[in-house]
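Chain IDs A, B, C and D follow the sequence of writing; residue 1 opens each chain.
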Amino acid sequence: MAVRENDLVLLVSLDDGVRLVARVTRGARISTIRGFINADELIGVGYGSIVRTSLGHEVAILRPSPVDILMERGERVTQVIYPKDAAQIIMSTGIGPGTIVAEAGVGSGFMTAFLAYYVRPNGKVYGFDKRRENLEVARRNLSMLGLLDYVELELRDVITEGFNINNTDVVLLDLGDPWNAIPNATQALKPSGYLVVYVPTINQVLKVLDKMRELKYADIKMMDVTVREWKTKTNEVRPNTWINAHTGYVIIGRKTIR
Amino acid sequence: MAVRENDLVLLVSLDDGVRLVARVTRGARISTIRGFINADELIGVGYGSIVRTSLGHEVAILRPSPVDILMERGERVTQVIYPKDAAQIIMSTGIGPGTIVAEAGVGSGFMTAFLAYYVRPNGKVYGFDKRRENLEVARRNLSMLGLLDYVELELRDVITEGFNINNTDVVLLDLGDPWNAIPNATQALKPSGYLVVYVPTINQVLKVLDKMRELKYADIKMMDVTVREWKTKTNEVRPNTWINAHTGYVIIGRKTIR
Amino acid sequence: MAVRENDLVLLVSLDDGVRLVARVTRGARISTIRGFINADELIGVGYGSIVRTSLGHEVAILRPSPVDILMERGERVTQVIYPKDAAQIIMSTGIGPGTIVAEAGVGSGFMTAFLAYYVRPNGKVYGFDKRRENLEVARRNLSMLGLLDYVELELRDVITEGFNINNTDVVLLDLGDPWNAIPNATQALKPSGYLVVYVPTINQVLKVLDKMRELKYADIKMMDVTVREWKTKTNEVRPNTWINAHTGYVIIGRKTIR
Amino acid sequence: MAVRENDLVLLVSLDDGVRLVARVTRGARISTIRGFINADELIGVGYGSIVRTSLGHEVAILRPSPVDILMERGERVTQVIYPKDAAQIIMSTGIGPGTIVAEAGVGSGFMTAFLAYYVRPNGKVYGFDKRRENLEVARRNLSMLGLLDYVELELRDVITEGFNINNTDVVLLDLGDPWNAIPNATQALKPSGYLVVYVPTINQVLKVLDKMRELKYADIKMMDVTVREWKTKTNEVRPNTWINAHTGYVIIGRKTIR
């Protein structure tokens, strides 16, 4: 498979592993920290090939994953849910092809994108946010990934206005005061469905758990996820020194009916 | 949505959170640690409902996720790849609807099932193992989850016989001596594709990394994943005391061509 | 240095690393999981020697550390503070030779013993507990380690009766409701001294922090400590699978005056 | 207890917790990020007091612990052993008043200082390094802490020249190639004594373990230590986002004799 005009490509330096996701725009130069590459020279080159920068350094030309694209080039206007947490949420709730998910708030749309990627081709993500600028950023990020067909974005404050859908498989809340949104989220959720709440502090955790217990959620689980990345150089295999050791707590419960 | 005959249901005690995945077989009794439930009484009950056991204890009747089914009822003949690691592998490699994955060895088929679930409806998992009994267990686990259509299982030692496919998006190795399988795995992989190796010890890590560097893999990453689960009782919110703190290291690289 | 009658010795199997702390009582047999050793044969043997059990298995005869003795032979009537947390507390507060520490509650006296060991020869630990049986167990554990000279134990409920000392360098609270003891602890503490609170749940954490802020503590820190132990066998070097991943949170603040 | 001229004091901002260790030098100004304090005004002020900076911000005046002094003001010419690891090493080996420790290499002397602090008043630390500049830095750090009396520093390459002492309770190796020093370390160690090796990479780990097994060490343990610090603000109690997640592996074994 060969690089085409307008592709997003992942360039990885063979010298030091530095990574870069770039758009292959005809006539443009792609700058790396060790020289540049003319985009035109990449068109038609097979993915997986090694090319040289203007300074002679070798770079692998790879197809980026959705995670690569978002993390390297996604616009951020808010704190985002990281792939490590997204992966765990998706796996723990059985989100997959066909799942219907509601998400409030969308923020920069990173989680929206991960959800959209996994509910394809026949599922749908309904994304709500009360800030228009967030939705615009999210729309651009989703568009960059080609995922807009699987998402409905709506300007809406779910705490005061409620969700305008129901019978969803999963509702995900990424809000500062999610406990205030849990009653409406419960309306939007089908019985046995998954409520997922993502919060960074233990002050919030206690309020969320209280509200979920009050509304009779079952199988309430909470977890935090740590992914430790390692250096993999020949004679220096060891965990990275500094890691992002805390992003947020994931709380998951199941809606019950009486 | 209501419980039907032969469904697998997730029962969660409201008293203490104990979980159980059971088959709703007409005429059978489902035993819990606090009394039993007649399966017949569950048929037609809405998912999300609360029922009582013979001893009067309340139990939520929920639809199990694939993870629930595998972890609670999957047969195990080998060490399995845990959902936390599977989630990270899938997210990091962009495995999703349509992806073609080769996996050696299949073992009990837990990872195979996670892969199959996410490559639906138009992807495929080619699973290899040199032990017939492993493949039989894997087949039963995949069948229980309704995922056999997305998997080809084959009795084959990929180290000595090679893979019988190529141009795959991802090759995953879960073997005792994966370094010996990396040359053949590289054949099976398309350029820019992902090689994923899962090993529990650092002795193995060093051998895998050496072989991947020798075969010119780019963007080599290594990680270990910890998911800490918490107690969520009203006045006792805290991480669980004992956790499975180490399963394996995930090593991922990208195939390059010269 | 040679083993003497009545010594506590650490026996470690060379086959499998199994550890045992035993008293060398004349005439007694020391049972291991692979045969026994006659205590009489150990007397006069140099520490560090290898001896054989009745079944021919090799065992190293070592001098146990205080941690070895407590963890292997200490009596427990309560949840104890683990060495990993004790080490961190001691280092973070500068506890060393000469330090005056007050501790409530003593429980089984493990933390008391660690404190006593480090304040020697000229410091002192004042240990309070409202249960007589705890103090008796603590006394036996301290006696086994030869540390009673550095400790004053007293039956006393510090919440209702206060501490009967003041101007201490450090006060450590290991109680179910430590926020209720903080006012009296503050009385017992010298200005600039360290208040250390150890609690397992985040519900407790929030109450402790509120009270410490109310009483104008400065430099409030909180931490949790994870020590991951590894298997070290020749071809299987890897972290242990199951670890004690959560014991308690350590909260430390400094008393200020106005 | 009051601040005296030339004391090292710990200043902690009550606004934001920013910490600073400063020398109270007559006539000098102590600059903080929120205004300055005249050192002369601190002399005679009781420890634990709150003072105001020139800009009116409140600062607590506290006695620093050895850890505060080293971490805030210690000179560093090498990678240092962190307090979290030092605490665990000291606790695991029973280092306390009276212990005799040999350390190679001393580096910036941080670990030397922690050791010296805990072997007081009747123990001793013998510190070796093959670089004169390291020893000079270590000497200044030890002097700042008032710990020089408990330490002998010597310019010496223990790999080629051996240790010039023996019968030590503990030998600690903090070298790039510690496996080469283990034979001489074993000579310096008394039977049943503790060999402690500190290395950052798993490549080194495997070489150290091989050498320790070859030289018949018993009770070989390996661990890594993580201390997660938390934010403790009123409405934002949560682990810090970024932590130093890997410093080094601690390997400990006991010398045996045949």
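Keep this in mind: contacts are C-beta pairs under 8 Å (C-beta built on N, C-alpha and C of every residue); 3 or more make two chains touch, one makes a residue touch a chain.
Given the structure is predicted, the values throughout are model-derived calculations rather than measurements.
Least step count on the touch graph, subunit A to subunit D: 1. Annotation: the subunit A:subunit B pair of sequence copies touches via predominantly the same residues, more than half of the used numbers being shared. For the pair subunit B and subunit C, the distance between C-alpha centroids works out to 41 Å. The mean-CA centres of subunit A and subunit C are about 44 angstrom from one another, to the nearest whole unit. Annotation: 22 Å between the Cα-based centres of subunit C and subunit D. Residues of subunit B found to touch two or more other chains are 202-203, 205-206, 228, 237, 239. With chains as nodes and touching pairs as edges, the resulting graph is complete, every pair of chains being joined.
Across the complex, subunit B meets subunit C through its residues 200-203, 228, 235-247.
Those residues of subunit C that touch subunit D in the complex are listed here as 1, 10, 12, 14, 17, 19, 46-50, 60-63, 65-67, 83-84, 86-88, 90-94, 96-97, 114, 117-118, 120-122, 190-193, 202, 205-206, 209-210, 213, 218-230, 232, 234, 237, 239, 249, 251, 254-258.
Of all residues in subunit C, only 202-203, 205-206 touch subunit A in the complex they form.
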